[in-house]
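Working notes for the structure below.
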Amino acid sequence: MGNMKLNLKIWRQNGSNDKGSIKDYPVNDVSEDMSFLEMLDVLNDDLVRKGEDPIAFDHDCREGICGMCSLFINGRPHGPERHITTCQLHMRKFKDGDTIYVEPWRAEAFPVVKDLVVDRGAFDRIQAAGGFVSVNTMGNLVDANAMPVRKADADKAFDAAACIGCGACVAACPNGSAMLFVSAKVSQYALLPQGRPEARERALNMVQQMDAEKFGNCSNIGACEIECPKDISLENIARLNREYLGATLSRE
Amino acid sequence: MARTALFGSSLVKKYWMALTGLFLITFLVVHAGVNAMIFWNDGGVTFNMVAHFFGTNIFIRTMEIVLFLGLIAHVVDGLMLWRQNRAARPVKYAMEKGSASRSWYSASMGILGTLILLFLIVHLWHFWVKSRGIVGSLDELPLDPEGQENLFALMVQTFENPIVVVIYVLGCFSLFWHLLHGFKSAFQSLGLNHKRYNPIIAAFGVVFSIIVPTLFALMPVSMYFGWIQ
Amino acid sequence: MSTLDSKIPPGPIDKKWTDHKGHIRIVAPSNKRRIDIIVVGTGLAGGAAAASLAEMGYNVKAFCFQDSARRAHSIAAQGGINAAKNYQNDGDSTYRLFYDTVKGGDYRSREANVYRLAEVSANIIDQCVAQGVPFARDYGGLLDNRSFGGVQVSRTFYARGQTGQQLLLGAYSALMRQVGKGTVQMFDRHEMLDVVVVDGKARGIIARNLITGEIERHGAHAVLLCTGGYGNVFFLSTNAMGSNVTAAWKAHKRGAYFGNPCYTQIHPTCIPVSGTHQSKLTLMSESLRNDGRIWVPKNIEDAKAIREGKKKGSDIPEADRDYYLERRYPAFGNLVPRDVASRAAKERCDAGFGVNKTGEAVYLDFSAAIQRYGKQQANMQKVENASPEQIRELGTAVVSEKYGNLFDMYENIVGEDPYKHAMKIYPAVHYTMGGLWVDYNLQTTVPGLFCLGEANFSDHGANRLGASALMQGLADGYFVIPYTVGDYLADDIRTGPIDTMRPEFDAAEKEQKDRIHHFLNNKGTKPVDDFHRRLGKVMWDKCGMARNAQGLQEAIVEIRRIREEFWKYVRVPGTANEFNQELEKAGRVADFIELGELMCMDALNRNESCGGHFREESQELDGPQQGEAKRDDENYAYVAAWEWLGEAGKANLHKEHLEFNEVKLTQRSYK
């Protein structure tokens, strides 16, 4: 069934304290129907049989929605195709004889755990700093339809909420900036009436945490938008800029 | 307002970058406007007149200080951003295909800015220090036919040297790329992004980035080739 | 024989929950601070529970094996969430949602639980909207609804095709808010390996830090398992790669009974297996069956030619196509419930009519819909004498508008344009209705050990309706457990912190360390996946869409062999004290193998067909329903709750007899 031969150049790093390096893995019999991760599964299966250490990489749903898979493939986050995650990338997009570089996300805020696995806990901490509406669980909230939301706003909020938190934006940004991620969350809530009351504090707190995590600064390059598997728009970053400016100027 | 809110966060740095950038852009308009007077081709009479007015007007002289402060803020802020951005990506990719997702100049604002700064130093040395009498003075040059201080003559003299002309043209190129990203980037940083107006801002940015540096570059070139005398 | 007390409150069904809430004990705010609760799993049920309990004042520790709580597999649910809001004024009500769910579950669920679920469903929508979940809205700004299989009203709320994601992110944001406040301690990349039972009560867990490999002890006054389903026992399923049964299975081994393990939902529209490298299966939303027509060739020669690549689906003339769902079920056609559609596909493929290389695929064809929409558009746009190409183009645009993202996903995975060639689909394991047995309070048979969401057995009987899984997860987490856990914890306000240095913790920790030691020093030759694949094949072939006594008996023998060989020949590289994904898999597969055997035992015991469980021996032999599933209410109207007897393959059956006071038992008919 397999018909492609590939030369993989994969980043190996045994734990966060190891220096790490690129190692060569020639693979044969790659079927074009395989997903990229299945190709790595087959390689790992082979490594285990040979008594070698398999390559660690993050993955879970393999449907492009959980945001767990990462991988910087041939110089681009989630590989050469647009609007898909690594798990949705299939080998038919490569040619027999190709050399493929596979590296982890690179950012100070995303330290390598092992091989291709990085720690994206910074995103959770940013979320915990303000990425929510302060509402407790209650059995007697107002009816969901008591407050209509303009469809255009609801749709835009959804576009922003589609973010899967994979970190491709950070990986793609030469500055290692997390603005697309943060702005998507701020935008989702800023656009909905339920999120408006704390919109200013949210923008201030999330940005403060973002800076504390040592992400770089946004310089409006736009690579994040191009590489985002969920097509999150730069418009969100502008919205965060507005929200934050308003919040800073009106702060007492 | 807390001090950290003014200077601390990444976003505030970007606001300063955008505001100082837009301020410097307005200066470019004035500067290009004044210098374009040489294209009257009247032996520099008009140009010298306007230059004299600008050189002696108290408001303009005050703004010159603000301009320097703005420039320094833009440079210092830029350097801080550059340093932080480098630190945010300490390990580089072995293989990175940046061309797939970004223009080279948008990711090279620091380098372009540095080139412009180097050019500025040369440029200030050529003209500003002399016109302000800090090192040397315009008095060394003959007055123009109308009996005015002859800054025009200094230009003609400076641009006799082909190396200087090349440096100026390269400086204008750096400015072109810097503006091409910087112009619309400033709007985005200030949150001015709207589907309807984005194309207008973008188009205006491109036109501006072409016209202003071209105008500047034409000055040394036309003087060198003697199109203006 | 039975020791099960479901603790269903007395009174009329629509008053039970309200009365129960009013009468159970609660813990005073000042005392909640003295009580620790462990929540394992951060999906809809776990995330919602952890957030809600922390808001109430308990000290919560939340665990997930993923790198972030936001990645739990609830995120992959596409279609929507049901709620009896009656916004469409189409006659929906709590009772109707209750009735549909009991009927859809083929009368194998507990009435009181289902009624409560329907009752709190409306609150869920209010809660999620307040959290900022961006549900779909109409132009008036109000919430939109769509219809789903098996019901006659529009009660499904949705957020494009990513409803699960949006609901989970809502729960996750509530959870992160508590993490920020310090009321929840979050342990991501941690896998629970065992429950610790002290004096008959669940008092903590043993967990492995997946990054450092450290085995940790965590004590608490109550433990909540919200760890999802076990579909991955089949190796190939629509579950996430990491979805596993370990937490529930270890709880089972510590005394929690396992309810109805054989109830598995097979979803009819998934992308077929493409080769031996396959790691998981991808669901194509049920909504596609609104416009797609399912067929195979009428003539077996045509099917053979297609499999050999000599013919294409488009070569088969209309007259030679067998739209078997429309033929067999004229009333519901392509929109019969999931279990029925899946079995019909299997029947055709088993008979030799499959249309891909493996013979396990049927067509889901949109050409008729493209024609229909195309003509409609041509009329609307006043295109005179539209050419066939024009009609195709116009129709394709409409289909793309409705299902574009699904078509793109299909093309990515299969590499074939589904607008031009009919999609190929086949059923795949999707959801497990079975799970840990729980009483009305969601407590397992181990006091202090609770189980929520897909991990428990409770609300869906033998078959789950579309858009009900999200409803159950959030109902359990937001609106049931916050009340019922208090009743149990009221006794614990003077207990004080749980001492994790007790011998029970020592013993549990040692057991896990020994097991890890065994894996790493086994000197085997075969990777973990080898065994998982073999297990999956046995389960799929013999305990899948159709089951019979002989096959199940064979399966039990085969699974035992796989278990023996697994422990003898498995090779796990690396060490214990590092990030070691093969070691994680080994532990999970060991538990799947034991579970697989219990599933076969349960399927063997249940000599009737109901919902997702189809016993070939129990079908209608004649009459208009010939070949359809046949329930045996007289002998099997019970929940099978299995008690672990110390080793794999030995289990004691307890029966919770199901009483139906509100709903009359009838045969489901879709003819």
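Order as written gives the chain letters A, B and C; numbering starts at 1 within each chain.
Quick note on the criterion: contacts are C-beta pairs under 8 Å (C-beta built on N, C-alpha and C of every residue); 3 or more make two chains touch, one makes a residue touch a chain.
Since the model is a prediction, treat every value here as computed from it, not as a measurement.
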- Item | Between A-B and A-C, the pair joined by more C-beta contacts | A-C
- Whose C-alpha centre lies nearest the centre of all protein C-alpha atoms? A
- Note on the structure: For the pair chain B and chain C, the C-alpha centroid-to-centroid distance in angstrom is 63
- Item | Cα-centroid distance, chain A relative to chain C, in whole angstrom | 26
- Query: With chain centres defined as C-alpha means, what is the inter-centre distance between chain A and chain B in Å?
  - Reply: 37
- Message: Can you list every residue of chain A that touches 2 or more other chains, as numbers and ranges?
- Response: none
- Message: Can you tell me which positions in chain A touch chain C when the two form their complex?
- Response: 1, 14-15, 31-35, 37-39, 41-42, 44-45, 47-49, 51-54, 56, 58-68, 81, 84, 88-90, 92, 113-114, 117, 119-121, 123-124, 127-139, 141-145, 147-151, 154, 157-158, 161-162, 164-165, 188-189, 192, 194-195
- In the complex, go through chain C and note every residue touching chain A. 48, 51-52, 55, 66-71, 73, 75-76, 85, 87, 120, 123, 125-132, 134-143, 159-160, 162, 165-166, 169, 172-174, 176-177, 179-180, 186, 188, 211, 238, 240-242, 274-280, 282-283, 409, 412-415, 478-479, 482, 525-527, 529, 571, 573-574, 578-579, 581-582
- So, in the complex, the side of chain A touching chain B is made of residues 9, 11, 22, 72, 74-76, 80, 101, 103, 106-109, 172, 174-177, 207-208, 210-211, 214-223, 226-227, 234-235, 237-245, 248-249, 251
- Message: Can you tell me which positions in chain B touch chain A when the two form their complex?
- Response: 1-2, 5, 8-15, 81, 84-85, 87-98, 100-103, 106-107, 109, 181, 184-185, 188-193, 195
